[in-house]
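Next come two complexes, and both contain subunit A; in the first it sits with subunit B, in the second with subunit C.
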Partner chain A sequence: MAGARDSSSGTRFAQFKLVLLGESAVGKSSLVLRFVKDQFDDYRESTIGAAFLTQTIGLDESTTIKFEIWDTAGQERYKSLAPMYYRNANCAVVVYDITQASSLDKAKSWVKELQRQANENIIIALAGNKLDLNAKRQVETSVADAYARESGLLFFETSAKTGENVTELFTAIAKRLPLETASTRTRAAPKGVDLSRPSRRAPAQSNNGCTC
Partner chain B sequence: MTSLVLSTSTHNLTFHASSCADSGGTIDTPFYILEPKTKTPNVTPTGSSVQPAATDLSVHDTISIDEDGMDSDRMTLKLQDYDIGSIPKSEVTYLAEFLLAWRSALATLEEQVQVTQISSFEDPLSSDYVTTRLIQEKDAFIEEKTVQIRLITWNLHGEVIGEDLRPLLFGSNVLSDSGELQDLGIFFVALQEADPLTPTTLSANQATIARWANQVLECLGESYILSASSELLGMVLLMFTHKKLASQITQLEISSAGTGVLGYWGNKGAVCIRFTLGESDLAGIAGVEIAVANMHLSSGIAPQAVERRRWEMSELDKRLKLPVFNGKLFRKQRNGGKNRKELLYQNGDLLDELDERVLDTYSEDDMVVAAADAVAVMKIKENGVAKEYEAGTPAIPTADGSDKAATISTSTSTTATTAATVNTDHVGPEKEINSIVFILGDLNYRLAMDRSDISQLIAKNDYNALLFWDQLRNEIKEGSVLVGFQEGPISFQPTYKYDIGTNVFDTSEKARVPAYTDRILYTTYPSLAQLDYETFMHYISSDHKPVAATFELRTMLMDADKRAEIVKRLLHDLDARENKSRPKVEVDKTDLLCPDMTVLSTVHQTVKLKNCGNTQVAWEIEIIDGSLIEVGTPQGVLPPGATQMVRVSFKVPPNVTHISEIFILRIINRQDYFISINGNVLPSCFGASLEDMIRKPSGARHGFLALQTGPQLNIPREIWKCVDFLSTRITREIFRRPGDEIVGQLVRNWLDNGDDFDSIVLDSLAKDGNKGTHSVAEQFIQLLELVNGGVIPEKVYDIITQGNDGVQLIFEAMPRVNVNTLIYIASFLREVKRVVIDFDLILEIFDKVLIRIPKTGKNKSRQKKKRLEFLKGFIG
Partner chain C sequence: MEVIGLYQSEDTIIPRVPPGDYAVAHDGSLSSGSSGILASAQNRGSSGMYHEPIPVPIGKANISKNNQSSILSSSTSSGNLKFLSTSTASKSHPLFVPGSFASSNWSNFRSSPGTSAANARDRYGFRKQSQYITLQEYDDWWARYDKYCQRRHVKWEALIEDCGIPFDEEGVPITFPPKSKKVKRYVRKGIPAEWRGAAWFWYARGHDYLRDNYGLYDRLWQQGMVSPPPDSELIERDLHRTFPDNIHFRNAEWQNGSVPSTPGSTGSSKSTASSRRNSNVPEMPVVQALRRVLLAFSLYVPKTGYCQSLNFVAGLLLLFMEEEKAFWMLVIITQKYLPGMHEINLEGANIDQGVLMMCVKESLPTVWNKIGAGLDGFHHDDMIMRLPPITLCTAAWFMSGFIGVLPIESVVRVWDCFFYDDSKVFFRIALTIFKLGESQVDSVRDPMEVFQVVQTVPKHLLDANVLIQACFRRRNGFGHISQDEINERRKFVAEKRRHNTSSAADASVSLGAKGGVVLSSSALESSGYLPRTNNSSRYKHYDAITGTYHSKSNFGKRMQLLRMGSTNMLSLHARNDYFGTSHSQAKEHSAAVERNNTTKEE
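Up next, the complex of A and B:
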């Protein structure tokens, strides 16, 4: 097709729905805030509901991925609403707090629920957040890592506060996503660009017709 | 009331998008009404009920015209099934203009509609923001760079090459310490007779091609990839590209044509690769078109052979399906030579080059017959290839289907483009200067002189003297072939024909005259310079020496890394803008507290939603399955600055002590608010058992009396109150008219508080359709219906439906209070029966609310008959 003939033509673009799950106050919203705005709030209000944000990352030279992020409320009383958010999600980040052993148990129950109820090809990442509070750590890396491994999850220890491993987490998810089955397409012609040469769009097959 | 007016200035056509806010503050889907002005025909919009909503329209929809019948002087315009207006028949001449305007205005409208929404599925890289900014910042990532192009041609005589290819590939190129090439490079390796030829060979040997590709890649190192391969029997053209350049190569295409036996077989002909280097629409850079053809033409020193090569050039000029070659290879003869047919049937030099081992097993006639068969297939294939090419797939000669072949071919197909895009509309002056054509290969032109003279000149290294007799140079000079092509100075001895394994010219019987058969030519380009043109005498595996040339091209190229950095930043900006432009709202509360709810009442709750952003906010309410919550207006649109009360309601069910519900208030594209509703429900006689009612003689809200101490009631006071009130107010309509909701609520409250009915209030409603009485009657029925366990419990059901005189049995089987209640209600119904006309209807109501039916009931109609008989008998 005629169209954008930039050197990066043939690029792929895909959009994926990502949902964050995990116990209240483990830092789900903070992870999103760090990833999307590269910011951190020390005092963040508890999420009442589910916030929607988008973030685009260039996976490699030819692939752009846009995450449609749903940051859900972690409070127990909203648990029954979670299926509405993970039901069509392509990927999920299940977050726990490395300084709260109980939050990993909660994370495990989310993983179990996702593996049972969510889209069968969902990519699940386990994120042990608050790495900046390493001194108060209650969950050993090796324990979470072993669990993630046996459950087939991506695993990162992150700090929304310092930004450590946050981009890495989302990039790792992006790399695992099934690009070929997603809504990929080649780029349409950019609008409003004056091409400094004659259009090649007109089909003029007669000029190279077969003479034999 | 909001309205949106879009107009197309040239056509004076206006669209009004008007919408009305209803009392609740929600806004309906706007209607778009067509309103043409003076210059366009007088279209009368039809009633608003048939106006299409903007969301239903698309510019691609069909607009049709209906004649309104012979009598009418107007005709109706229809868009899909929507009636969009009518036009006088007399103004039909304006119709086309009108429709055009209509469509273009509609397109504008669509764009407008899209702008207000966040079209979340748009590829951000093609967004106006990113493209515009990229153009602005192009100097940061597009700069002039030097690209080295190394071309190698070698006729292998079907031999397997054992020599190290490095000297041939690198030439005098300076290698870095690590042995890597320092410049960005593109390598073309052109082989002829890559495999021994037999008359039945139909396609190139993919194993040979793969072997060569791997061998070259091994030499070039990891920073190079195979970008394309074009093959035809023994002719192979491989293109290798530095990884950093790979993304700058676009519109890669390949083509081939055979001109050998019968004019078609692929033992002679050409294979080509073309592509564009450094093209960027975004930056307005066209790039350089580079085309390379590896040719193997017919052999021979005789004038007929020169003529045949000329014919082959003319055929290739026509048949190579890449426009860049057309008109360049061959110039029409003023006094044309032999006709095409004659040349077509010349067998050329087939026998000359067939493998000698093969020759032993075939007679010469066999050979020609076999070759003719092969050609037939070849012709079909060439046509087939042409079609494939036109359909948009790369013109790769069909491979033998081996896995290796597939891999190689795929590398070309990923970036190949369709014929439509490549067509350069016949090289205009601008295009001419934007392309570079390289011709290399075994062109097979000879030195038209005696072998002894040649030997003398070679001994003297007088190559210029030799080249004076070079048929190719003379053909070019005469203007027959390759007019305008350049060739670097030749400072090496003829590259053909050597005894294999030596540097000795042909000592066989045929004693062929040495010649410069292997050549590299090019068209000039301003920033293209040839650095070397050389042969390598130490390659002795073939009867030809390889020939190589290096060119340096300075051109504008993109730095992919720098560009990626900028794109990353722009995408980040774009996300920030998108996230910033999301709706901003305030919700006054997310926890709705509802203390002391009463059973069966309807609770209304509101959430105040304020749009504090500057874009329109669309909201909707999502109710979770199984929720009690009902919502009148489930969605709405809120203009900037506006406030809206979002209303939900629910009916408190019986037998609950607490309500805990959640619904979702969704701000589209922004946030879901989880709104919780929590509160206690006051105790009630509605849903209580008869025993419980008796134990709470002062009303459900006042707690139990201890069984022993309290006075034992015969029947629940609540039931007594209702019957007592109703028995003096029996009319023909009793139980046949609905009550009033508010009065009903009052009645329930009196019952649950243990208060007496305020008969003054109730009777004051007598004029108003007797609402007081009907409300009490309605609550009475509801009270009975909700009695926990029922007035006539499930366990006596069988007795009712089986025996004829089961009354005594039933009384024995039921608790005392149930018996008392039943007797009391029966005596009341006896009074009712005296007044109402159709008592059976009343009986059916009481059948339903008094008798609890087991779930596993059979023969329902018979059972119902039995039940009614029982009630009838009981009431008397």
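Up next, the complex of A and C:
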């Protein structure tokens, strides 16, 4: 759910939940690190479970967007945890490694799962990472691009190492997000619930019947 | 770093193994079949005591060597270059020994501050400075802590001498004192770093495994090299993503200091990184050892195979003990201490997270109010089947044994207690982290922000003594949570999860009737787990609407099962499904439940 409010100054501020998915070692954490801190390590520790980060970007002079990012572990067995992240996600970046053909297959299966299971308005971007290793490329740009087109995905080839297309990727997602509808919902109360109250029954609205 | 192979010469091995084992173990065959792997020694010494090393002529080294050549040829034919380079490298030193942690070498790290603040290393070879801790903070703390460690070392030496335990040539006790209140206190105050590996191995009863499976490790990793198991590619991917900042794991080229990798200095890494990747630098010995340990493990425990996080667990073990021992410790951790946690469906992790969430809800209601919510901001009824998203963070705490969560000195102190005292320690520490971060967590207004806070709080807990003392202090600590309680809760959560997934529809009918459900309401009630419906006098403050107790719950006196809100399970007792029991009662009850179930089965 996008939290968007109009402040008195007329600027728009919106929060969106973003989840990163993809096979292990394709560079999910590196993409986030580049986006959030503009850093890069050649060898990044494997992500266990998940990491949570935020980054705020100015989309234009009057619009600020805060991404709340779940960076996930890539190994297959962690997949069972994924619904927890994408259940309420507004956008997803599905990452593959252009030097590993199999990682695109994995990305495709993630896209399928998202299209089946996630929020129906979810914005999905496909990111072919490790563009700096172009010499070892196994996945042609045209192939991935064609797939992205037919599946209705945003598509970028990125390099977390050089930073190429990283900001562009996240900005493009931000531009696709439903800012207009979000900003019209200017509720006085912040989103969510009063957490000072003790636990209580789940309201019907949040229960999609899935107990996983 | 100096690497000392166990193999002193082609046909002589000098391991630290009881003499009784020598006669038996090695049949000289290198079997890749399962019978060969599982075959264990028949005639082993009964004592776990290690005596002076005795050179024993066996054909082991020759076998390794012969096998290396077959590895080479098979790797070549399969085109697996990574394995090729490994086997070449391991030809001369089949086993990794943590030479850097021989006591004489420890001072090297203490005295070498590194070329820059960002590269200053601690005694284990990790960076002192992190995103959360400045070098100044580290050094200030270390100045105090180092003295503390030295004091503890003296105390430990006295204890060991009092127990009449001799030291080996490296000054490490050859055994450790039997468990007692005093020893427990000593362990909690920290095992001397130089003895840590030996003590962990001792208290985890690693010797039993080693003794019973002499030579198995070598056969396993060799088999793993010849015919890589399905998970070998995943292992390869993570080898260089395991402690890349640690001086022992880091690529040799980095170690020369030619390419300082400094967090924050993005410019330099951009320009030089590609040359690093492509350069043909030999792997660090510990990385090769890590490969062998993980390969052997994935073969030995196929139900688990390779799970991300085991790379860190094995990696840390390798800094403290020889690889064969590290391998058995990995087996012990995953089988005995954290059963099922790393298995393919991660169910053990889910179960423990369910247990942890129960504990948080009971002990730290303020924290629970913030972390118990889903991403939609709501608390869900059935938190056991639908774990709150915060468990995405906390599951990693358990799976990696707090590596990467707490600063490393705190991690090893937690592990001291863990191997001595079992998995309850992880629950206690997790609760302590929440307790120490309680005010920060409570001040969070944005429900998403809580994830950041929970991630960050433990990273600041540099002073291991603060953490351990907060955990075990009498008042407001968590030292009273017993292993029995944890085990009972694990059983409960496991049953509930299994039940809900397998037969949600007729759950209320199947309970008890199938006999195998430990926590059927009738069984629980009859055995005293559940307060009888009318027996509410002890629970005056129980709020039937919210399902929480207003009075402070006390683990030791009143072990509570939370109202997990399942309407189809324990339906009659949905509002009373806590059980009050003491530590010793729990055992009796457990037995009673089992008797009950057995009767039903019969």
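The working rule: the second predicted complex is superposed on the first by the 174 of 212 C-alpha atoms of A that agree within 3 Å, B and C clash if a C-alpha of one lies under 4 Å from a C-alpha of the other, contacts with A are read in each partner's own complex, and residues count from 1 in each chain.
In this section, a contact is a pair of C-beta atoms (placed from the backbone, for glycine too) under 8 Å apart; a residue touches a chain by one contact, two chains touch by 3 or more.
Note that this is a predicted model, so its numbers are computed, not measured.
Within the superposed three-chain model, A:Thr64 lies in touch with subunit B and out of touch with subunit C [touch as defined at top]. After overlaying the two complexes on the shared chain, residue contacts for A:Ala73 are found with subunit B and with subunit C alike. In the overlay built on the shared chain, the residue A:Met84 is in contact with subunit B and with subunit C. In the superposed model, A:Lys112 makes contact with neither subunit B nor subunit C.
Of the two partner chains, both subunit B and subunit C are touched by A:Thr54.
Shared-chain residue A:Arg149: touches no atom of subunit B or subunit C. Contact with subunit C, but none with subunit B, is seen for A:Ser24 once the two complexes are overlaid on the shared chain. After overlaying the two complexes on the shared chain, residue contacts for A:Phe40 are found with subunit C alone; subunit B is out of touch.
Shared contact residues on subunit A (touching subunit B in one structure, subunit C in the other): 1, 15, 48-54, 68, 73, 77-78, 80-81, 84, 190-193, 195-198, 200-203, 211-212. Put simply, subunit C touches subunit A in their complex at residues 234, 237-238, 240-244, 251, 261, 263-264, 266, 269-270, 273-274, 276-277, 307-309, 311-312, 344-346, 361, 365, 368-370, 372-382, 385-387, 389, 392-393, 395-396, 399-400, 404, 445-448, 451-452, 455, 500, 504, 543, 546-548, 565.
By the touch criterion given at the top, residues 1-2, 4-11, 13, 15, 36-37, 48-58, 61-62, 64, 66, 68, 73, 77-78, 80-81, 84, 183, 185, 187-198, 200-205, 207-208, 210-212 of subunit A touch subunit B in their complex. On the subunit A side of its complex with subunit C, the touching residues are 1, 15, 17, 24-25, 38-54, 68, 70, 73-75, 77-78, 80-81, 84-85, 87-88, 132, 161-163, 190-193, 195-203, 206, 211-212.
Those residues of subunit B lying in contact with subunit A across their complex are 120-121, 123-126, 128, 131-132, 135, 247-248, 250-251, 276, 278-286, 318-319, 321-323, 326, 379, 382-383, 386, 390, 414-415, 417-426, 428, 430, 558, 560, 563-564, 567-568, 571-572, 574-576, 578-579, 582, 590, 622, 624, 662, 664, 669-674, 676.
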